[in-house]
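Chain lettering (A, B, C, D, E and F) follows the sequence in which the chains are written, and residue indices restart at 1 in each chain.
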Amino acid sequence: MMKKVLTFGEMMLRLKPSENKRILQSDSFEAAYGGAEANVSVSLSLQGDQAAYLTKFPSNLLGDSALGTLRKFGVDTHKILRGGPRLGIYFFEKGASVRGTNVVYDRAGSSFAMATAAEFDWDSLLADADYFYFSGITPAVSPELQQAVLTAVEYCQAHNITVVYDMNFRGKMWTPAEAQAFSEKVMPYVNVCLANDEDFEASLGIKAFDGDMAHGIDQKESFKAGMQEVVKRYPNCHTVASILRNIHSVEDSQWSALLLRDGQFYESSVYQLHVYEGVASGDAFGAGLLHGFLHGFDGQEQVDYAIAASVLKLTISGDLNLVSEPEIRSIMKNGGSAMNR
Amino acid sequence: MMKKVLTFGEMMLRLKPSENKRILQSDSFEAAYGGAEANVSVSLSLQGDQAAYLTKFPSNLLGDSALGTLRKFGVDTHKILRGGPRLGIYFFEKGASVRGTNVVYDRAGSSFAMATAAEFDWDSLLADADYFYFSGITPAVSPELQQAVLTAVEYCQAHNITVVYDMNFRGKMWTPAEAQAFSEKVMPYVNVCLANDEDFEASLGIKAFDGDMAHGIDQKESFKAGMQEVVKRYPNCHTVASILRNIHSVEDSQWSALLLRDGQFYESSVYQLHVYEGVASGDAFGAGLLHGFLHGFDGQEQVDYAIAASVLKLTISGDLNLVSEPEIRSIMKNGGSAMNR
Amino acid sequence: MMKKVLTFGEMMLRLKPSENKRILQSDSFEAAYGGAEANVSVSLSLQGDQAAYLTKFPSNLLGDSALGTLRKFGVDTHKILRGGPRLGIYFFEKGASVRGTNVVYDRAGSSFAMATAAEFDWDSLLADADYFYFSGITPAVSPELQQAVLTAVEYCQAHNITVVYDMNFRGKMWTPAEAQAFSEKVMPYVNVCLANDEDFEASLGIKAFDGDMAHGIDQKESFKAGMQEVVKRYPNCHTVASILRNIHSVEDSQWSALLLRDGQFYESSVYQLHVYEGVASGDAFGAGLLHGFLHGFDGQEQVDYAIAASVLKLTISGDLNLVSEPEIRSIMKNGGSAMNR
Amino acid sequence: MMKKVLTFGEMMLRLKPSENKRILQSDSFEAAYGGAEANVSVSLSLQGDQAAYLTKFPSNLLGDSALGTLRKFGVDTHKILRGGPRLGIYFFEKGASVRGTNVVYDRAGSSFAMATAAEFDWDSLLADADYFYFSGITPAVSPELQQAVLTAVEYCQAHNITVVYDMNFRGKMWTPAEAQAFSEKVMPYVNVCLANDEDFEASLGIKAFDGDMAHGIDQKESFKAGMQEVVKRYPNCHTVASILRNIHSVEDSQWSALLLRDGQFYESSVYQLHVYEGVASGDAFGAGLLHGFLHGFDGQEQVDYAIAASVLKLTISGDLNLVSEPEIRSIMKNGGSAMNR
Amino acid sequence: MMKKVLTFGEMMLRLKPSENKRILQSDSFEAAYGGAEANVSVSLSLQGDQAAYLTKFPSNLLGDSALGTLRKFGVDTHKILRGGPRLGIYFFEKGASVRGTNVVYDRAGSSFAMATAAEFDWDSLLADADYFYFSGITPAVSPELQQAVLTAVEYCQAHNITVVYDMNFRGKMWTPAEAQAFSEKVMPYVNVCLANDEDFEASLGIKAFDGDMAHGIDQKESFKAGMQEVVKRYPNCHTVASILRNIHSVEDSQWSALLLRDGQFYESSVYQLHVYEGVASGDAFGAGLLHGFLHGFDGQEQVDYAIAASVLKLTISGDLNLVSEPEIRSIMKNGGSAMNR
Amino acid sequence: MMKKVLTFGEMMLRLKPSENKRILQSDSFEAAYGGAEANVSVSLSLQGDQAAYLTKFPSNLLGDSALGTLRKFGVDTHKILRGGPRLGIYFFEKGASVRGTNVVYDRAGSSFAMATAAEFDWDSLLADADYFYFSGITPAVSPELQQAVLTAVEYCQAHNITVVYDMNFRGKMWTPAEAQAFSEKVMPYVNVCLANDEDFEASLGIKAFDGDMAHGIDQKESFKAGMQEVVKRYPNCHTVASILRNIHSVEDSQWSALLLRDGQFYESSVYQLHVYEGVASGDAFGAGLLHGFLHGFDGQEQVDYAIAASVLKLTISGDLNLVSEPEIRSIMKNGGSAMNR
């Protein structure tokens, strides 16, 4: 029987000025819906997996629209709570060259942010799940959601549900101290851990990366040491995965990935990329990794598949990685780019 | 010397699906900025008057954009406070035929809504004002803003600044009981009062209109009685103005206006209209009325000018009445519609 | 337990020049997906009902997109077949005033048109259905689909599934003689029949309407006679419903409805309408009628509800009637058009 | 053999704010190309006639684009001169309801405006023409173009080419005194004359219309008298045609036409119209009239055809009447508006 | 006298999601018209040459629009047949970085695909032609069109019309075996042959390229051998031309060209390019080559001009190479990119 | 007290085809307003400085729109003259790869171009200025404006106002001989001089650059010699600044800057850039330089800040550099490109 994944987090309305415009000069916004864990669910569904998403949406047209987006791409939305004041929003100013992409959050007071831990009945919500996925953004939203996550992972450990935690540190949402305090509580329950770039230090207090985004790949050995430190500290965590990047400008970067699984390292090749939109690629990577677990990939296939999924996301506009498994496999094979006609 | 107007309220980001679309089917939003009192300031400025606007905007790109919109049209923005959590938003689904226009507010927790009464230093803010204008939306936002308005109007009365209050009742923001409680406190300081349709009953507890929007103009005598009741109750209020409407559908309506000024009634003619966008016409009317005071119009000219400004707004997209005095006068003269080339 | 509806037909890509443009002058097309029976399913789903849709989509990105649209709005898409050459397309040139809306079909050779009767395994497809809905467009597509429909309705009669047939005559797809030949075969199995305007004559050979679209409502008695003739001829048909229209121009028309149910006539009031897009209102009417059956409305409530749903569709762009039951009921009560804020 | 028409005038770049926007609020313009005589040529070509257009375009990309537009719709562009400083531009702010459409000309100093009479070698240009068409806009552009027109019509009279003059008075381009002075010179050569509304008085000094655009049709007799005065004054002018309008608002008007041909009057029926864009309908009327001459219509068919072409233009965006003869005939027959599918 | 070119093939409606979107996420399509041989005709016309295009378009608005596009750019369209079921369509999903551009064909059953060989009366169609140009796409459409091409080239050989054949192998349309079978029949009549990349092997069975698109230029010697093999096999073929490419990603590639003419090789320089849209550059190259023949360029000028035309196409959106001869020459001289103001 | 800058020049309507389109294929234009000196004023205002702009705008809606743009971004517009025939326009075809950006001027006969020197009352206009800024475009517009500039700079020298002259040579507006003749007159009054690339030779007759835009940075020593020649010739000129570029294609270039201030050279680092829109970066550089003077930066900080401002402009669409001082400083520190969320 097909295994099932439940992801838990916040999906927001994303408003992006048209083309390359800045907010100051734009009189329209492209509207899309996204959020780390929702992105993972959509990716899985488009790759043929069974993925449910859990959040809380307001009972208004914005909540309906976010819900409709998930349904359109086949995500199971039956567990989603409705109610509360509003849908979170984020404004997305796409960067160019030396001007980095700029995110203006308007997520305070959202239905998800105001939800209490008690609203989530994990017995029922996790009843049919094989994997439970959340990112560090969810606990960063509120103390109640930290509690909700902790209750969920306890349930998972007791019921043999694999827990996947993507650190995904957001400096605009909480401090490293807060993130580390939470990680300390949750990591004993985590089986699979994703940490990129600054996540090691900010979310785990492990120094693996010197902070220079132009030279991530060059620090592979240091990342490996950090990954080993994670599994040493938290024996329940059998897998750690990281994307390594050399980011030269908004458009120009190199990407590769490392996977430490059951004590063995696997490395992907390095992609030289022209980035269309550098958002949500970590979520695409996480979904690729899960897809590998769901279908019994070995470690090398898993890391190769996950990084291929991730770099494909860099070519797509919006938070959702609108690609299929054959498209990902085509990148794995030939690096893509040929015209198909 | 040119007289000066200060208006006080909340300006929001308005997000409207493109063309006729519903939120559920739209993947972009037209972005504009509007709010009752801001609209009045912009109207006055475009008609050549000196108008300042007072609000509180967040210190982010959305706040900058709202501010830029006001400056573009010549409004004095130097008094505006900056800070606080966010810019209020409203989603605007334009109706058609039998489907009424639908507004989804997302204004809770805005910088203006979270402002305290103490932040507004009226001594300085009203130092150079001749008129102070606010609508019922401002006190509906929060008790602190009710207090701010009451402090302001006391100052006005003490310093001979004319107070203009547009009832503008919003059922999604407060109850009639709350509105009436506030009106009781503020009306003794009000010199000019605007009340349309349901405002009489909801905001003042005066029964002037039976609630049938298809037959507003037919109830002219009842409105007159209501207006007279206002000036009887509140002797400081020398002027009451109302728009009367027969609304047959979103596109099709008739508009006229009544003015009770210094004990005498003035009536405009009735316009038969094809409505492009039925929003903010009351603000356009209020601005037209103020323009009449600023330039010494007699009562008949004032009501004719104000209703012409108001019906022009029905032909313009967005909250702002982007017309000049000559354009308004051209409507007064010939009812418009001829091509000018 | 909630009753279930299965609708059967073709959903196409609809390409419409932007705004009011003609194909000759347009360098972009708005893309949407629609088709009579798909429209009915979406309407039902948005009104809270359980509706499944049956068609055949190609296994390409266009088929995926059509499928995603159905899923977005909650339609059960699990029965849909995949395969075949292409998705049907229709170009939609919206008319204005005296220029009628123009449809250019490009549906020949579609996956649905090339499907054989044998591909539809009705035992399984209708296993959980309480209602089976199709329009005259489906049998007009091909003889194989005529056969498929006939097989389906036989199954329905044998298994107590209500059969609903919306005549929906399309002169660009088949001749009256062909339509009537099919009707003769299918009508003995039909329980609910929808026929508007020319349908009576073209699809049934019953003269109920003189063809003057500007004077449909004026011929109410003649329509009633036609409806009675239907139930007399086909005793299994317990319900006949018709929309009656006076169409003065593309934008300006009057709409009302007649319902003959279990021997009794019910009439709606007449709506005076400004039409935004005059397409798929018959489907909205059909969905409203079904919703009435599903929820046990009496005849008067049913016809009032169905025509309100239908006229709401005239205010919406695209084939899909994106409205909820409360919105429909609001039209029934007050005729709509008030701004809600 | 098919008869040939040469039209002579200025085609400009037309820039229109998107949708309903005013210039002040628009950050994009729809670009199209139009001009009275160019519009006539395109209309004729789309109706199957042989029409050439004469103007002068600059040798730059704007000139190429205007030329390409004409070619796209089949107009013979071989006679067009190239060179000079710039392409004329006009900004088009579409009105709504009481707000009339506003035209901002930016045509001074254009290649056509700077052309000298000597540049037009009429011997060659008119060698194969059967009809020569110009509007009052052409001589209003410059004294040199007045001279060019006068030289051309002399050639026409000498070579049996029918001269058609559409008065088309533009108050923003010249004064009535200037227009009348020109008319006095040119009318002795004119065979067919079109005059609408104010044209009689402004361009000919004949009082036929009181200037109230809401009551043009009501003054039919006065128009008839004016038309008779024209043919009396100018015996070479065997045909006079006029559009009569009651314009109630930008969207709402009634249109009909009068034709005086060879001493007999013909009247069209009156159309009740919802106007999408009220520009260039006079040109569509002129083209319809010419089409009638080219194909030997009798007077009644000619006026019926021309007014049907004209009211169809009111449903089309842009200056060009993108309709075919069958579409025009369909309006003549049933007043249009039925959906064709 | 100016020489004349006739090109023969299929022009389709091209539908492209806006900006970078995938079909799954796009609610509009940019509409353009293109097809290999039509592209060649437009290129030639914009470079000042006389080019006619032969195809069959349906007698509907889509056919009219395709025709209008050709006319707009000056192509002689008088030979085009009208009739048949539909205009072919192709959906164009522009790739990015590692995601290759994706083409979804919807061209089956088009008017051109259903045309019979007998419909093309080559005596008349080729009467005034000096060059006859077709690509391998045309015979791939149907056996009837293979026959039509064979009949045409026989006529050409008999009447001294130069035959130009651009291999243009399309794996989605026919197999290498089918392509080679056709090539064997047609090559004895071909005078000028264009073959790029895989064409040598797929269409001619000559191994010149190992299939690695990242290393085309590096295999120059192998290409030269293949080109010599062509002229050896087919003595009537005096000219073979090839584009050689190193394609690193959708945006990033190097282009150069080889020409074997009358036994001598000519090589262009290598361009380092940022690709905006990598479609139809082969057609632009073919047009450049023809332009060289039409104007008597020597071999070096010809290959330099053709590759410059080709790389300019990479900077243009749509199938049509909207550039002039001076613009192409400016690239030849300085490699372009300076701002011109 | 904050120092004040007055800039003097022409602001035009800029019309750009949407996305990458050429004028020939575009049916809409993005509308923005820009001009070298206006751009400088907007930059300064967004960086918190007090900047006024002087020009002459027509008294129409286009003039109002240009004015509104300046006000939106905080520029003091009170000195601007109104009147005259028209607003200048320029069409902007954005290039790609080897195809350079193409500008089509339509600025002849503008209100600014027709202004006389006598209209500018410098006593009043410069009364409160500390810096006067103009580019070589202003005197290139007309001899009257040359005179106006010369009168202004005399006033400046007499009143201790710093004169800044950005050479900004435009070959489409005047010849090198004309530019040099003007420079000879104006340079004795200039205190700060900006000269890039060809400016040295074209505007000053100093050979500093060999014209190869792909190798500007490589000629640093030659530029230094040119800069020293300037201060030697014109002792009042204490500062000369230059941008040095290696431009490889429209998207790909390297930028750096040189500053000679009070006898000492300062060099910036070299930026490797992906250019979004390569226009108005010189103006952004000039504004950065002025900002440095206004805030007492030393030479190194000044050149670093100015080049950072300049390269940020390359990432922004439109003529206006919509960035703040913190954003510029962030580029100075880390070269930008990190996502901020």
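Here, a residue touches a chain if its C-beta (ideal position, glycine included) is under 8 Å from a C-beta of that chain, and two chains touch if they have at least 3 such contacts.
Please read all numbers here as calculations on a predicted model, not as lab measurements.
Looking at which positions face the partner, subunit C and subunit D present mostly different ones, since fewer than half of the interface numbers are shared.
Rounded to a multiple of 5, the Cα-based rotation taking subunit D onto subunit E is 180 degrees. Between subunit B and subunit F, the centres computed from C-alpha atoms are 42 Å apart. Here the CA centre of subunit B is 62 Å from the CA centre of subunit E. Shared contact sites, meaning residues of subunit B that touch two or more other chains, fall at 19, 22, 24-25, 27, 68, 102.
Against subunit B, in their complex, subunit D makes its touches with residues 19-22, 24-25, 95-103, 105, 170-172, 213, 247-252, 278-279. Residue ranges of subunit A in contact with subunit E, taken from their complex: 19, 271-277, 311-312, 314-318, 320, 322-323, 327, 331, 335-341. Within the complex formed with subunit E, the subunit C residues making contact are 15, 18, 22-24, 26-32, 60-62, 64-65, 68, 85-87, 89, 91, 93, 102, 104, 106, 108-109. The residues of subunit D lying in touch with subunit E in their complex are 68-69, 71-74.
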